[in-house]
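Okay, so subunit A shows up in both of these, paired with subunit B first and subunit C after.
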Partner chain A sequence: MSTVSTMPATGRVSVGGAVFAIALVVLALVPWFTGSTFHFHIAIMVCLAAMASAGLATIAWVGQLSLAHGAFVGIGAYASVLLVTRLGVPFLIALPASAIVAGAVAYLIGKPLLRLCGVYFVLITFALNELFRLVMLEFPSVSGGSSGIAGIPKISLFGIVLEHQPEVYVFTLVMLAFVMALLWTIRNGPLGRRFAAVEENLVLAEASGIPTARTQNAAFVIGSAIAGFTGAIMAHYIGFISPESFAFQLSVSYVIILVTGGRLSLAGPLIGAIFLVPLPEFLRSAQQYQHIIYGVVLILVLRFLPGGLAALPRKLLGSERSGG
Partner chain B sequence: MSFLIAQSLVNGVILGTLYLMMAIGFTLVFGVMRIVNFAHGEFYMMGAFAALIGVTWLGLPYALTLALTVAFAILLGALVERVVFRPFRSDELSGMIASLGLAMILQNGALLLFGPDPQAFPSMVSGVFRIGEMIIPKSRSLALGVGVVILVGFYVFLMHTRFGRGLRALVQDQEVAALYGVRPEIVYPLGLGLGIALAAAAGGLMAPLFGVSPFIGATPLLKAFIVVILGGLGSIPGAALAAMLLGLIESFTSSFVSASAADIVTFALVVGVLLVRPSGILGRGES
Partner chain C sequence: MSGFLKLNGLGKRFGGLAALTDVTFEATEGKVTGLIGPNGAGKTTCFNLLTGTFAPTAGKVLFQGKDITGLPPHKVVEAGLARTFQSATTFPKASVRENIMRGALLRHPLGPVASILGGATAKRAVSRAEETVVEVMDALELTPYADREAGTLAYGHQKRLGVAIGLATRPRILLLDEPAAGLNPDEVDRFGQMLTMLKERFDLSMLIVEHHMRLIMRICDHIVVLDHGEMIAEGSPAEIQKDPRVIEAYLGGDAHAG
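Right after this comes the complex of A and B.
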């Protein structure tokens, strides 16, 4: 009986998946239809936000919420900028290097950190994000202090400098696709199954012989490395960084995107970023309301849609079925 | 040198009292409702604006304004508990994320109403007390005095009234407290209201010293956060000890080293305490 009733449901989900994929492709093409530089800029920001939030999602898959994600974006940004400007390293080498630096920092602090769980992990990551900002401000020779580092060289690949937004957009889109493909592979592999087991029930996973501490640390390292990777692209696109760019507010914005999109799904960060990042542009006449709207959306999603927007279609279909 | 030490000591105690007002509200809300309230600083900000409106727009006396601010904050807390936090009672993480949203709404609401510019608050008293070489501004003494009165009043309420006992029982064990007739539907909103009222009172007291703007909530939130981690989430005696400690550390490091060094030292301390003893200096162990 149960198999009969799940058959059409799986069919519907894969149709839904195809619709979702087509919608994504159409959305990604929007800036070329309008041809507006500003729309290209928004699209780049959506990609970067989605990428960083996907890193945060990886950490959420083992049941932890990090408020230090902005700091890891910052670590990647500073690593790449310092490598390129001080040592003359090409961007294409600095980019993976920045992911490695962020991942290495996460690996070093992850072991003691991940003994904490729930709100205690949130609190310590909150403190670490603040500590990162304060320490960076103390070393202006490295960080540029409160005036930051300006005039960061643009992204260049094999000697070709990406001067204009459309070129940067193509590059960011490819990088986002790469990150999402990587996470898809991890999620569907043995590591992903361990993530899910740890998230579902830590004690049970431990009892079943899963090395929970190492599993959580792996998720923390992968998620933070993705944050660092995003930070490098962001720094070279925007051209300016300072310790304040990576403060508490940035970490909170990733949490909002992740929770709104869906904490436990792969598509969640994408949906969250597509929905929230361009939102202020549609509300241009009421721009001062944008943060209030973010706050309201966050509370409403938590209250009525704990699985985030990613869970909305299933929820609608489910209620339709029970209604009819 | 000895005068510098004495002066740092006095400044440290004044700072500590103010931090304690913020921290007790924060830790009470966590103890009662298991919510890490990231909007706590915004209630400090609202208290400061309420005092500004009372004193400069309505021309009320300062003492009456403070009393009205506290009453208003208790009502607001009960409303916020009902509308925002009640659905997340069994879910610490979602409650905390909801408080992030609440903080954004409150801060940007204030920005919309009052604009970003800092507003001057008329000083309530002027002049200084001189004890030997020490200098204590009267405005600070006033804030300290009223702060101590409010804290003592809160202590008496918590230890010697029916509601206070109910609150403490709920902090210790929710199920047993409910069995003994503590009614969560009254005590939860009251607990959040009281916690918020302490933050708002601190805002009203600090407004004459530091001015008023929509962004003033961030620092008190950080201080409350540090104090509460050091003292143990949910522990009021721990908060008292940690608040005085933090006040003294800040006052001494900024007199003898530098203000930014004080910030780094305290945050490093927070990370250290969380790693070694997550329940804080005087907190109970995690269940």
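Right after this comes the complex of A and C.
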């Protein structure tokens, strides 16, 4: 109660929140209504994009924008695939391990990197994403080189292999719910309060006794670990990875999803992914134009809805109130 | 007498510019020390060195006998030295209550698990910090605005909120950088009374930078004068008002004097 009352931004529109939750449940059920394998596939991709973007959102909550997010998805993907195929580790252990590996890498590079702010951080993470791709290409014995690694074993839980899309979808939905619940908990707890303080006013946060460097690094580690976690699921679902799968275009698409959905709200990544992932998939013939479509959407959102789609209801309600 | 807050030969160069040179003085416990000087004299730089925003290029800062030179700002606050900023700085999107809470929680630290996942320990910390929040809000007459978003407050209230956030960290000494700037003369007088009251109520020492001479002369026990980064005088308000160097450098041309 007390945390809600002191952070009104998260708990204000409770009726709107209920409507939103019902809409989400209905949307999540759509593939079962249609029964189409293609729709199940899209739904899985929406969940994975939402999960990775939620990780990126965590980093955005401390006011930083990482363009290396795709590389962290890649680190998780490779970590899991190598653990499963080379060491015979069960997927259910490889999955959290891949999150830990990605988080550990983020911790090590985050310390020196996060001293840079704003556009400098964006540029250096962009360079790191390219570095990841190039380094992986240099070590084909690990990464499969430019031809990648194919035939990755499917997700298997306690010996049960998830062969078909509907099963993978259920698993991915549960994992997404878990990640969102974790982020909700963090956001409404002491660390989330520090994230908000750092995002709003870094200098004042530091002067109020908040260790801002450590706080930003915590967000970077958590967000990147979630990216790694997503990467593991993605690799075992799609069955193929290569260094090119995690090129900077992937990072850019996460940024666009996040900004479109709303970078400062918890629901933003979900909304962004639901809106943007199916778009190029349904416009099959237009798939090569994915980046153009994303670019246009991004420009429209930045121009008309800087808070992202998540801010739309409040904006509409707000203008209604001032109009009436 | 190991001293309270001591500046020992403090200096700072920005490239070729000597912003501060060989500044040595002491802010005494339980007293209000004024730091005055024309614009660009190095007052804010002095605060930045004291609070760890910049590392000095020369000299030391001793606080209650401990060398705090070069500690990061959040460690300096923890040691009991809080500051406010020259411009009105708040957490603009948070409520007034939440702004103050973010300072108050410094005195209610949590372990790593509780600070990430929250839970009962974290809730208890918040409810204990709430006492500080209520007390500080009351002292700064911000209670009526408790649930207002800080960014929407009037300028004067935002400045007071800045003081409130610093106070919520339960400092031994509060460093105020031009807290009355931008207030009208009535508000300045009220603000002066408020500072005197805060000092008693929270058992504080203060180091204050201000251009309002009437305020400075009324509330300060001791005054240090900077000009071009160097100390040109220090003494009681009466001594400072009579000092010819000060009059020449600063008071002479200032409409607020007298």
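By definition in this document, the second predicted complex is superposed on the first by the 301 of 324 C-alpha atoms of A that agree within 3 Å, B and C clash if a C-alpha of one lies under 4 Å from a C-alpha of the other, contacts with A are read in each partner's own complex, and residues count from 1 in each chain.
In this text, a residue touches a chain if its C-beta (ideal position, glycine included) is under 8 Å from a C-beta of that chain, and two chains touch if they have at least 3 such contacts.
Predicted, not measured: the structure shown is a model, and the values here were computed from it.
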_Looking at A:N188, would you say it contacts subunit B, subunit C, both, or neither? Reply first, second, both or neither._
second
*Which of the two partners, first being subunit B and second being subunit C, lies in contact with A:A196: first, second, both, or neither?*
second
_Applying the document's definition of touch, where does A:L204 land relative to subunit B and subunit C: first, second, both, or neither?_
second
*Examine A:G88 and indicate which partner it touches, taking first as subunit B and second as subunit C; both and neither are also allowed.*
neither
*Can A:F126 be said to touch subunit B (first), subunit C (second), both, or neither?*
first
*asked:* With both complexes superposed on chain A, which partner does A:Y289 reach: first (subunit B), second (subunit C), both or neither?
replied: first
*Which partner does A:L298 contact after superposing on A: first (subunit B), second (subunit C), both, neither?*
first
*Find the residues of subunit A that appear in the contact set with subunit B and again in the contact set with subunit C.*
none
*asked:* Per the contact definition, I'd like the list of subunit C residues that touch subunit A in the complex.
replied: 51, 53, 72-74, 77-78, 82-83, 85, 89-95, 97-98, 101-103, 105-106, 110, 114-119, 122-123, 125-127, 130, 147, 162, 165-166, 168-169
*Please give the residue numbers of subunit B that touch subunit A in the complex, ascending.*
36, 84, 87-88, 92-94, 96-98, 100-105, 107-109, 111-112, 222, 225, 229, 233, 260, 263-264, 267-268, 270-271, 274-275, 278, 286
*Using the touch rule from the top, collect the residues of subunit A that touch subunit B in their complex.*
65, 112-113, 115-116, 118-120, 122-124, 126-128, 130-131, 134-135, 137-138, 252, 255-256, 259, 288-289, 291-292, 294-299, 302-303, 306
*Hey, which residues of subunit A end up touching subunit C in the complex?*
2-3, 6-9, 185-186, 188-191, 193-194, 196-197, 200-201, 203-213, 218
